[in-house]
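Structure, as structure tokens:
Labels for the chains are A, B, C, D and E, by order of writing; each one numbers its residues from 1.
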Amino acid sequence: MIDVLSALLVLAGVGFYLTGSIGLLRLPDLYSRLHALTKADNLGLGLLVAGLALHSQELLTVLKLLLIWLAVLAASAASAHLIARHARRQETTS
Amino acid sequence: MSDTSLLVLDGLLVISLVTLAWTALAGSDARRSVILFMAFGLVLAAAWVRLLAPDVALAEAAIGAGLAGALLLAAVREQSRQPLPARIVSKRSHNKPGVNIALQWAVSVLCAVLAGTLAWALAHALNSAPQNALPRAVSANLEASGVSNPVTAVLLNFRAYDTLLELAVLLTAVLGIFALGPARPGYQSAGPVFDGLARWLVPVLILTAGYLLWVGAHAPGGAFQAGATLAAASVVLRLAGRHQIGLPQGPALRVVMAAGVGMFVLVGLGLLVAGRPFLGYPPPWAGGLILMIESAATLAIAATLVLAFLGGQPRPLAVRVARGRIAATPIPTGKPVSPEGIRSTEPHAAEACHRIQETQKRC
Amino acid sequence: MSELLSVSALGVVFSLFLGLLRILRGPGAADRMLATQLIGTAGVGTLLLLSLLPGQQALMDVALILALLAAVAAAAFTGRQRRSRND
Amino acid sequence: MLTAQWLYGMSGCLIAALGLRTALLHACLLHRLIGINLTGAGVFMVLIAVAYRGAGMPPDPVPHALVLTGIVVAVSATALALALARRLTAEQIND
Amino acid sequence: MTELLIGLVATPLTGALVTMLLPRFATSVAIAAGVLTTVAAGTLLYGVGTRGALGYDIGGWTAGLGIALRADGLSALLLMMNALVMLAASVYASAYFSKTAERARFWPLWLLLWTALNALLLSGDLFNLYVTLELLGLSAVALASLGNKTAAVQAALRYLLVGLLGSMLFLAGVSLIYAGYGTLDMASLAHVAQAGPIVWPALALMTVGLLLKTALFPLHFWLPPAHASAPAPVSAVLSALVVKASFYLVLRLWLDVFAEAVTPAAASLLGVLGAGAVLWGSWRALRAERLKLLAAYSTVAQLGYLFLFFPLLQALPPGSARDLAVGGLIILALTHGFAKAGLFLAIGIIQQRSGHDTIRELDGTAQRLPATTFAIALGGVALIGLPPSGTFLGKWHLLVAAFTTGQWWWVVVAVIGSLLAAAYIFRVLGHAFGHRAYPNQPVAIAREEWPALLLGVTAAVLMGLAGAPLWRLLEGGA
């Protein structure tokens, strides 16, 4: 039962990854791409982490997984913000 | 993993690597090339993982994709702010186009020949039976090496002398950088989002560095990866516009820079005096001695990489520290320095800078 | 399970590959940086999936470093240098 | 014979050649430096490919250690080159 | 006794650390470390002379798993030359760099360079050689940039890029060797390596990389600016020792480790490039306007002579004739080291005292700086190859070997090169002894002139007398 759930979560995560990257590839401008990407890959990684955490037996592994997820979440949120601001600044100065 | 899916994975990775290398090298936009180079580093780290080289993957992720990228980006930024004629362009490319094209062809052919030779010889080597004597010797002596991660055993025991000289290379590079002048100007304080990022990223990086150093004895990790991660913490602080980025000052800084080579030489000579070969650790002590050397090396590597990022001798901070505005602790106090805080010290800072400007005229 | 893990890893690697196309296409530096970010996250995902295969626990550490250093790289991309030494 | 060894080894040769060409020909210093670094990366790929012994087999740890050393040496050389370039730019502005 | 081998690396390295930590005492610490290293090199030379080749396994691990240091006659002799030249240049530098800040920058890098030179000559492991090459390259670049003028920084940058490419090619060759033979230990490779599709490309890659660093024509383009714009003591060791170190490696690989794989055609190619270097370098030296540039081009030419020996050694069967030729090659390399170092130090004095080194404006130098001019003349005697200099001895054996093997055309090259050398040296001396009366009194600067003079005497007189013991050492130690 748990195995099935975990497998579903992992697959859903992969799905989000793919959606995010397709969005990155197909959407017309930087800001919409940014939006698509941050939502998708954080969710993708989140689902992945959830699936893997269910699957794993050790507490330490689960904790590490969570730490990685948080790291990526915060880093990508902040960096998306920074990149957007950077791009914005380039636009206004040029 | 099944053979087919591995093959698909290999194909994707190799195509990505070659394409990224090709595009990073083409064109004239330096910033584009640097970003592509960083992406190359990320994919290369994945390739190392695929080839069962997690130690190398760690170093590549930390140094190749992270710090080298930061270093190059800082250089690009500085270059792009200079007026065009001052940018470093070799004169050769501007004279006679005919000669130029001939030269390009000649060099391209030469490179193709070199690559062909390399590939031809590699094909022969791969076709013959793999040479397993040395890896067997490594695993046979692993017990006596004091660590259970074979890569760490090679780096810090069997071939420790290489590592000693490599730390000397790092030291030489940073002494050379010092001799060239003062550090590049710092960064503007970057606002709340960046500060928020820095506030949690820095402690996590420092903790991770400690973890990598510790885990290196029996799993992938070790002094280089830990040093690079520690350096990344400092670089983040610098990027966030802090003045105090955890680097010690004056003589203490020199001690830290010399720590890696120094500890190595001390241990080596100490063992020599005790009647053992240079760097011949007695097996029961080996683990402890290696950890000792690695700790010193981590600090030295981190300091060196940060100094490389600064691009010169750091400016004296004595003025500001004396006024007690910035605590001289390596770990951030949690309270970011506000822009007002920095501005209020401006006269002093300006004075200190004036002295430096005399030697370098323009910053 | 290991079959599922490797197929999922392939899926994530494929999305990494798509990110690569965006890197090549640009057009701006910010687009490229964004795509690099995706490559980093996808790399983390792949490593996590692979780390559950037997004997590969160390990959989780690689994933951690990748996640952290990707943030550093993004910071390096956006940081603004002081114009002169005294502002 | 392992396909992975061939794939990574041969593309390592290719990448080294591409890097070398740029390092020799490009007008811009940063590109040259990236070229040198990629040449190094290509050589490292050859070394790690040689170390590979197939899935499930422990690889040869010696080339891994060599590549780690090589990465650190490469980054210190790059840093020194960038510092020299910086100094040169400053000098040229003064002139 | 064998601990000397690691001591020769550890002493300058420790010295570098101490000078870095105690900048106030940097000069005295550095000189002390230099004296110690020289004593160690002398003892090692004596040891190799009496006991034959020595080896030291670092960490106690057998070579292959670990790294071994090895010293035979060739490396012991070069170590001795390194030590003497470095020590003389150190004494000179202690007067040359007057400001405390300059000294604090100079000494650690200087001792790191010394470490690299010793480590390179002693290393018995191919990958370790790559690391020492990088250490040597980076410390040399850092020292060359200390000139701190635009020209110096620019030349240093180019020097760095070329050096990096050279070591990358070397590393590519090393990787191939590891792929094919699974070991990096040179002694065991000498037993197992066979001519074939792995060794040939590997040797070619390593050699091209090393030739780039040795500045063999036509890969010499980076050398003249780098050597001509560095501070005088740095120029001296760059020209005398640093290029010699990568040459030593070529020698080691071609005559020792992969001797089996060397073909006559490849050796002839090196000979042709050497001939090109002799002619082109001498010609450019003759046309040079500045003394330092003259000395730098002369280095390009003198390195060329060394490569003329390769086709001869390839053609000579093992035996006493070949040993004599090898001895001639080594004595040529050693003499050039002493002569060129002395010459650069003397030029440094002229440059500092008169503010320039333009050859046409040297008139009166002989009256004002008699000892310095004498040092230049001594170096010149050695560069031309007049008796009793070591160069004369070396070229004599080149001639003998050329006639023995019937390859007389190399003699033509050597003769033309020597005539050109005589022309450029006498051009300098002619200007220095120019008739214009100079108002100033003669000046003597002991700490700067003595090293230059001693190096000149060693090259022009002592090396010529050292022939017999040198051959004995090479035979016993090789």
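Definition applied: contacts are C-beta pairs under 8 Å (C-beta built on N, C-alpha and C of every residue); 3 or more make two chains touch, one makes a residue touch a chain.
All figures in this text were calculated on a predicted structure; none of them were measured in a lab.
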{"item": "Labels of chains that are neighbours to subunit A and to subunit E", "value": "B"}
{"item": "Contact-graph distance - origin subunit C, target subunit E", "value": "2"}
{"item": "Intersection of the contact lists for subunit B and subunit E", "value": "D"}
{"item": "Most widely separated chain from subunit A, with each centre as the mean of CA atoms", "value": "E"}
{"item": "Chain located farthest away, centre of subunit C as origin (C-alpha)", "value": "E"}
{"item": "Between B-D and A-B, the pair joined by more C-beta contacts", "value": "B-D"}
{"item": "Length of the line joining the C-alpha centres of subunit A and subunit C, rounded to whole Å", "value": "10"}
{"item": "Distance between the centres, which are taken as Cα means, of subunit C and subunit B, whole angstrom", "value": "18"}
{"item": "Gap in Å, rounded to a whole number, between the CA centres of subunit E and subunit D", "value": "29"}
{"item": "Sequence positions of subunit B contacting 2 or more other chains", "value": "1, 67, 78, 114, 118, 122, 125-126, 130, 132, 134, 138, 159, 162, 166, 169, 172-173, 176, 180, 184, 190, 194, 197, 201, 204"}
{"item": "Residues of subunit E whose C-beta touches two or more other chains", "value": "127, 131, 134, 138, 141-142, 145, 153, 172, 176, 179"}
{"item": "Residues of subunit A engaged with two or more neighbouring chains", "value": "67, 71, 74-75, 78-79, 82"}
{"item": "Contacting chain pairs - touch in the sense defined above", "value": "A-B, A-C, B-C, B-D, B-E, D-E"}
{"item": "Residue ranges of subunit B in contact with subunit A within the complex", "value": "190, 193-194, 196-197, 200-201, 204"}
{"item": "Contacting residues of subunit C [partner subunit A, same complex]", "value": "1, 4-5, 8, 11-12, 14-16, 18-19, 21-22, 28-31, 33-35, 37-38, 41-42, 44-45, 48-49, 52, 57, 60, 63-64, 67-68, 70-71, 74-75, 77-78"}
{"item": "Touching residues (chain side subunit E, partner subunit B) in the complex", "value": "3, 6, 10, 13-14, 16-17, 20-21, 56-61, 64-67, 105, 108-109, 112, 115-116, 119, 127-128, 131-132, 134-135, 138-139, 141-142, 145-146, 153, 169, 172, 176, 179-183, 196-198, 200-202, 204-205, 208"}
{"item": "Complex contacts: residues of subunit C adjacent to subunit B", "value": "2-3, 6-7, 9-10, 13-14, 16-17, 20, 23-24, 26, 29, 32-33, 35-36, 39-40, 43, 46-47, 50, 53, 57-59, 61-62, 64-66, 68-73, 75-87"}
{"item": "Residues of subunit E defined as touching subunit D within the complex", "value": "127, 130-131, 134, 137-138, 141-142, 145, 149-150, 153-154, 156-157, 160-161, 164-165, 168, 171-172, 175-176, 178-179"}
